[in-house]
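When the chains are written out, they are named A, B and C in that same order, and each has its own residue count from 1.
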Amino acid sequence: MQTIVVGLIAGTIYALLAAGITLVYKATRAVNFAQAEIGTLALYGTWWVTGKHGKPWWMGALAALVIGIAICLLFDRLVMRQMVTASPITKTVATIGLLGLLTGLEGRWFAGSAKIYSSPLQHNGITIAGVHVSGPQILSFVVVAVVAVALAVFLRGTRFGLAILASADDPVAAQLMGVPRGRVSAVTWAIAGALSVIACLLIEPTVGVLAPGFASTLFINGLTAALLGGLTSLPGAFAGGLLVGLAEAEVVAHFVQYTQVPGPQNLAMLLIVLLVLLARPQGLLGARE
Amino acid sequence: MTGVVAEPASSHAQSHRKANIGVLLLLSVALPLATAAAMPKLVTSANWMLGAEAIATAVAAVSINLLLGYAGQLSLGHAGLLGAGAFASGVITSRNDLPFWVGLPTALVVGALFALVIGLPALRLRGLYLAIVTLVFGIAVEYSVLPGTWLSGAGGSSGFPLPKRVWGSHLLTDSQIDSGIYLTVCLVLLIAVCVVDDNVVRTRLGRAMRALKENEAVAAAHGVNVTRYKLLAFVVSGGMAGLAGALDGHAKYSVSSESYTLLLSLQLVTIVVVGGIGRRRAVVATALAFTLLPDAIGAVQGYQYAIGAALLLLTLTRNPNGLGELPTLIRDELARRRAVREGIAVPGYPQPSTNDEPLLPQFTMPDVTPRAPMHGARHASVHGVLREPSGRANLLEVSDVTVRFGGLTAVDHASLVVPRGKIVGLIGPNGAGKSTLFNAVSGLVRCESGVVSFDGREVQGLRADQRARLGLARGFQHVGLALDLSVVDNLLLAQHQLATYGDAAALVMAPKVAREESELRARADAAVESLGLGDHAHKPLRNLSGGQQRLVEMAALLLTGPELVMLDEPSAGMSPGAAERLADRLRDLRDSLGRTVLIIEHNVPLVFDCCDLVYVLDAGVVVASGEPAEIARDQRVIDAYFGAHADLSVPERAIATSGTDKSKVIG
Amino acid sequence: MNVAVEARGVVAGFGSQTVLHGVDLSVPTGSVTGVFGLNGAGKSVLLKTIAGVVPLRGGSVSLGDLDVSKWTPERRVGAGMAHVPQGRQVFKSLSVEANLRVGGYTLSRSARRSMGDRLEQAYTTFPLLADRRRQLAGTLSGGQQAALAVARALISNPSLVLIDEPSAGLAPAVVDELLATLVEVRRTGVTMLLVEQNIRFGLRLADRAVLLQRGRVVYEGKSGELDENELASRLGVGRLLGKDLKAGLAGTPRRTRAQGRSL
């Protein structure tokens, strides 16, 4: 049971990353390699505000959100919008450039010492039927649920949200309905940035350590989760995130001590990716085109 | 991003091979002497290691360049291949006390094998999905394979030894002489890798890869087995990457699995994109610069990754062809300024191109049908070259073929017959399913039911490249050639199936390869000459007018000596005058060259002018067939074009005045 | 005469290719103007140039009194230009109702408050959509998608609707249904500019016809004065009828515009 809880907690983070990857993929047909790194760099803002200057946690979180969204808006304006007609592979390479830039800056500015800061909740958590759930873990669940509902309401229920979905479906037709391309692109990236920051805000208190480039395995798991959703389904991405979290926790719990192979969870991800891509490229929930 | 390789393609393969050998021999003698004599005085031994590292990076970059620049496949897991190479060489040299020059080929083989495994999903996947697979493989190698206890005993992260053993117990040390020798070995190997890469570019390997990068359907139509060449690109690239890993590892004496991260893979991709995808020399120069410059310029230290990434973003947004294009751009700009100074051209304005009359006044269709088999042709029977006419009256028979896309029936129980030595036209309104029927015949879409038989043989189960080899050549609506390749390269690509040399022989440019290549090239050159396109021979096809592209396409189709030539809207993009001459050319195909022709054409007068038999397709159904004169009278044809079911309510008076009232057609 | 949209001396093309060589076209308010021509004549490019998707290389486009030559496609839509794109291009992953809502994207905040009424009005005009408002557009049949595309364009009460090859890819029976629908729409007085290869369909709908040949206008006038055979013959398809087989090959476009325009 404890394994399941641990898996679901990790899964919430993968779900948020997968949602961001999915959103960007729908809009650009490119995979955003920097999805996890945006939040990581933004978290240095949190550390700077809370750890260095002793301000309350929520101010740090706000700083991280501002930084994450700003990075994405700049990237959209200065890079993605210059290459609207480029192939998805080329756009993907551009996100690799963003990843390199963020990692490079982190490495230069923050290398050497892992940054530690306090958790948003000091609550000791609760124990139900022998399963312990800590305060931050409860927070993770609540946040992910709120984000999922908010995203659904925004995309399905508002005029601009619908325009984003329409644009993802058929950008030319959306333009012919009067949907402004630039604004759709900017808002999509801003949401992706916010999702990245929220995911990283949730993982930091549990891991407690901040080091450059630590997000690459997070990204792989988030990407696996997004692939489970076929890269295009937001509900699929959330479900995929939880599944990946569970799978990882189970593998770690049952295989690590019995096997000679290090990092069996990475092999598990490889297996999932291969299975999904070869057998169900449209994702778990998608219909074959 | 274009994959144009800026190489002088005029030198023949044979002389090129001699140059290859000459350069290698010269270097292997001269470099050690030069370095041993002069260089130790110039640099310290600490710099040797960095130099070797830079060269290893260059080899790795060439490896990525081959995969991305030619085959168009993005690899995000190359660090895993480098690691596999380094560990393979380490295992074999340190455990068995073998010299490092035994370790290097081992690394090459292991790298190639790993790449083969990574590439296998390419049988099903392409593009971004395949890139994701390479990424996850790289991660799995980094975290699970390399740190494995069987490899390193105490765990790979603590470091794995790679001794530079030369012979017996003699090891290369840190002394200047020894370091110089190792650096020289690295340099020679870098040049060897570049030569192999060059051989790929100059043979059918490179042409097949570059064609499939641009358009897999086009490549297959020219007889390229797409998955085979994708895998080959992975394997060759993997071998180079394994070698690079071992070179780097031996330079450093020991490696750990932690060196082979995702970021290393991404850094290598960055180098290739910044240098210019498909531009080998620029990529090598960029790799050397990325490794050496940060050390030389103290101010950028620590920022080198960020600077590299920023350069990548700048390249993508400002100049996607990379730094390698800069000399060309500068040269063009200087030429433009000179022209402005001399009052030849208007500054800043591209010369308006008129494509109204794209064709030269007269052109002759080249008779480039192969008359003799290539040297040592093995499978002569499938090579168009020695094909014995079976004497069947009907070359192509399509019986009851149905093609569905989801719920849409694109071709609905269509049947047609193409008699040998005739020109057959296929007409019908937009969306009637003409091109889909072509695809079904040439093997690009699967028939749900029905039989396609070519020269008496059922071919519906064969792949497109297999059908092409049987003598079924097809053109495409939007020109079935690789637009990024030059005119000559396209004509060489067209002869893909005529070359009999093996792919391994091509890598080292064996004498047979060089001989065959120069024959193919001679035929391509002859075709270019007879088309009157000599001035454009080495321009990318993209830069030619639509009509010229059509000409090259037709020549390309004929170079393989096909029985059946299928053309999809050959007159599209041609001027009226050129379209008129096209009819004569089609008749030449039939009468002088004895080919059978099947065309899709919207220019109905052209069809009626030159076709022996016409089929009319509407909504996937063959609604009429017969000689042009019969078809012209057939009400169903008129219905097909005008929409039979629309309720007509044109006033009667209009009919009374039809065709005579010239007052409305002005002037 | 009020003009809904006017193109003057339009030059446009792709890459090194020039498709339109100085096309003049005006669509009077309340009229349905059909542009006819063979493949490659430049019909769709003309429509896309008016929409702003293909950039102008020369000439100008004005919408009512506004010169919109330099406007983005979105801005032109905001000024009252609506589209039924080629191949219908409904948003397949969205429901019918969501498609209609996106069609009203450019409506002002106050106009959006009446979105419910607008939707109901659309459902009244297109009853087959009313039964399927929650259905994903991708699961509709070709004819239903065509109806949705038309309804989506009309939801914002546009001053002009551009329709690109509505009949292409539809079964004949569905084409008839669509024709009936569009004739209904015409009755409400909506100005339409239609590009069509199916001449019978186009003539049934359009009251003005423009003939395009190799990027030039060769005829402009009332469509009632042409019958399909003449139209076809002027476009070159007519030689299907057995007339003048050879002459078609060297047909040079005749220099144009005179009386036809004044009609």
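The rule we apply is simple: contacts are C-beta pairs under 8 Å (C-beta built on N, C-alpha and C of every residue); 3 or more make two chains touch, one makes a residue touch a chain.
Predicted, not measured: the structure shown is a model, and the values here were computed from it.
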Message = Per the definition at the top, count C-beta pairs in contact and tell me whether A-C or B-C has more.
response = B-C
Inquiry  = Relative to subunit C, which chain's C-alpha centre is the most remote?
reply    = A
Inquiry  = Centroid from C-alpha atoms only, then distance subunit A to subunit B, rounded to Å. What do you get?
reply    = 36
Query = In angstrom, rounded to a whole number, how far apart do the mean CA points of subunit A and subunit C lie?
reply = 43
Task = Measure off the straight-line distance from the CA centroid of subunit B to the CA centroid of subunit C, and report it in whole Å.
result = 40
Query = Considering the complex alone, what residue numbers of subunit C touch subunit B?
reply = 16-18, 38-40, 165, 167-169, 171-173, 175-176, 179, 197-201, 203-204, 218-219, 221, 224-230, 232-234, 236-237, 239-242, 245-252, 254-260, 263
Key: Of subunit B, residues touching subunit A in the complex   = 1, 72, 74, 76, 121, 124-125, 127-129, 131-133, 135-137, 139-140, 143-144, 147-150, 155, 261-263, 266-267, 269-270, 273, 302-310, 312-313, 316-318, 320, 406
Ask   = In their shared complex, at which residues does subunit A touch subunit B?
value = 29-31, 33, 78-79, 82-83, 86-90, 92-94, 96-101, 103-105, 107-108, 213, 216-217, 220, 223-224, 227, 260-264, 266-267, 269-270, 273-274, 277-278, 281, 289
Inquiry  = Using the touch definition from the top, list the residues of subunit A that touch subunit C in their complex.
reply    = 156, 159, 162-163, 165-166, 168-170, 172-181
Key: Contact footprint of subunit A on subunit C as seen in their complex   = 51, 53, 72-74, 77-78, 83, 85, 89-94, 98-99, 101-103, 105-106, 112, 152, 156
